[in-house]
């Protein structure tokens, strides 16, 4: 029997972790596919991640419509999550955030985010960029409906990471902890890569074979991610939970 | 009936928030137009924002002269607030600060602060710069009287943000929470924009139509700013209040 | 009589210090040669350094095989330590970490880490870089067996510091406190050197004679390192120890 | 009657403030001329500033020789203080530190530290740099005796700030609080100036007349520095005092 309360609680903790690790500020969110019904997902009502509690976690369907309880304030960008869960059956958790170290890569046209350190291998050889201006000339950098969400999901394709022009990023992976891991090291990689690029010479990017080998290492060492979770939980502010 | 004590308390909290979010250090201040009398405004006596309490909040007229109580130490730059309230009836809160990430834009002649991320839309397409040397060749970067305050207000014009050469910035908006929001993301935008510019290629600046659309989004989603306030209050150090 | 419990406790504290001083995040480790048996060394079981307690400290031989107690989760890169202790009888403590300020030097081919400030004199005139691609074309940036560990140790040679391409660094010195000292100031040096290089002109690197003189100063002033230890212990989070 | 205990306590607090504001790490020190005897000065025994208590404060003469109590561990660079007090009767407090944001200016030959923001006006139009290699070809970046101290004091001249090649800075002013103020904003100025320089265009440096006007403003507004002191004391970790 699945204990949905544990899932709600873990997702609330995930919100606190992203806040503590400077991935989100008052904006940003992380969701999980419903453990019993793949056509639904769990996401906080509209609240800053640092303050989310288990009772804030609500259920939505894959059109971004709430499926339980009374009306509640909702994140305007919940369609990001809905569209990715619909397009990617392998994905069980999605994060969207505006980590400050990452944002320059969404603003500078020539800067391509590429994995340079092994814990950020989920970036791959180059993160695709969803540019709202390509398809929504009257739009904004935000994803405000399913049409825009589907377009972002198409840009993401089979990648684990996509950037959003003038806005932020999405990470989509098979578990909440993997999504946190990728989000944290996406930020670290951005910082390291931009500093390395500024030396002006060649930069050592991780190559496809290397990224595959690192991916295999992580799959064979589940303890590494568990160790990270233990660490993040200890550091996070869990007041009020 | 307006509860002036609540306004004093909120303004004291606003001071604490700006300190916690690294917008101000021991310098900087935020004011609010008096809720009952538009010809007066509320501002702390001279004290570092991180330490301001409701009893520090004093009343001034639109010449920067205190209108209540016994003499108290005053911010030498209170004229910034007085002049902007006089020039801009639509403005209900003014902040002035020296956030470190923003200061390079006040010092480098060629760097123009422009909105690159949506929460900083209040910057507009380019923040005007008040340069004391243009009109006050015997002056300093500070605003020390109403003449200088009026000149700064003229540079601000109908904008929400203006920079001050070798000094800092002013934000002027319709509420305390909006002024905090703009001040925090002004700083984030400065950091992101300067990093993006250093990649050397083209930078994606938000365009006028896009800024208008984002402005409309915020006006239609008052919950977003309320969520930010809840987050900032939780994080701020309210000791002694 | 050697009190092994004190050594375990000091090594656990060393882990906490590296976490507090931003040398490690959830990854990274520090070891000590066994005080009674130079063919063994002490290292935590696989756990994030910020959380290590004395009971996490295990014993390994110079092939990286645990020599005591029941099976436990192990750091996959414990071979770094084993190989360096085997190659360098003068070394009594080894640290391996991914400090963010240092990582750009492992990623930018043209950036050579060189000592620019005196507390980082252990870097020497240029830190060697172990590049996994040179000898292990099917490898990753990680050290996963003794062959790779030996190769890293060969790159380290008689130096106190070596970088690892796309990965991090190793420090190998005669005591735990010296290893911490070198690790902390390696990070500071990296930050200062990269900022200095970006001014575009000549950089003042410390010269061999100067580095020798500084080394002699430190050897004659053991109080300096003791003062640092007192400082780091005060700052570290020792909860749960 | 002068209460020397209050002076000792204030100087201990000054040490804590410099630690809290990231001017010093485990290294660095601040002293005060003895209030009753200008031929002596107060300085902590060798201890990290973050941990200094009033009982650590010792007395030295202007040759750097301790004048009271039993032997104690001493800062090797106490001669910096002795030499400056001897050369500059107007100086009542000296700080020496290695703030990380300042260090690049001591390492990059072409980077000249110049005041760009008004609270850092004590830097002046360009801070002189003491380069140990000019006069002590067999020396190190450190000041280890009175000859080197006198040479540094000569480089300082009538300035309030001097940099030390590959090492750090000294600030020398008329009071402890002014010395802290200058040290904190020296660091801020360094950060802002280096970021501004990297935009590549002209930088607005404060001019001599402007610096004089700002100096006069500060002299006429003693409350500003008192407000800073109140702020720093509130923030500092005073545990164990």
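We call the chains A, B, C and D, going by the order they appear; numbering starts again at 1 in every chain.
The working rule: a residue touches a chain if its C-beta (ideal position, glycine included) is under 8 Å from a C-beta of that chain, and two chains touch if they have at least 3 such contacts.
The shown structure was predicted, so the numbers you read here are calculated from the model rather than taken from an experiment.
At the interface between chain B and chain D, two copies of one sequence, fewer than half of the residue numbers in use appear on both sides, so the contact is built from largely different positions. Of all chains, the one whose Cα centroid sits at the greatest distance from that of chain A is D.
Chain B is reached from chain A by a rotation of 90°, derived from superposing Cα atoms (nearest 5). For the pair chain A and chain C, the distance between mean C-alpha positions equals 32 Å. Distance between chain centres (mean CA atoms), chain A to chain D: 46 Å.
Touching two or more other chains at once are residues 197-198 of chain A. Applying the touch criterion to all chain pairs gives A-B, A-C, B-D, C-D. Contact residues of chain D toward chain B in the complex are 116-119, 188, 191-193, 195-204, 206, 209-210, 213-214, 217, 221, 223-224, 227-228, 230-232, 234-235.
Residues 25-27, 46-48, 50-51, 73, 76, 98, 100, 103-104, 106-111, 138-142, 144, 165-167, 194, 197-198 of chain B are the ones that touch chain D when the two sit in their complex.
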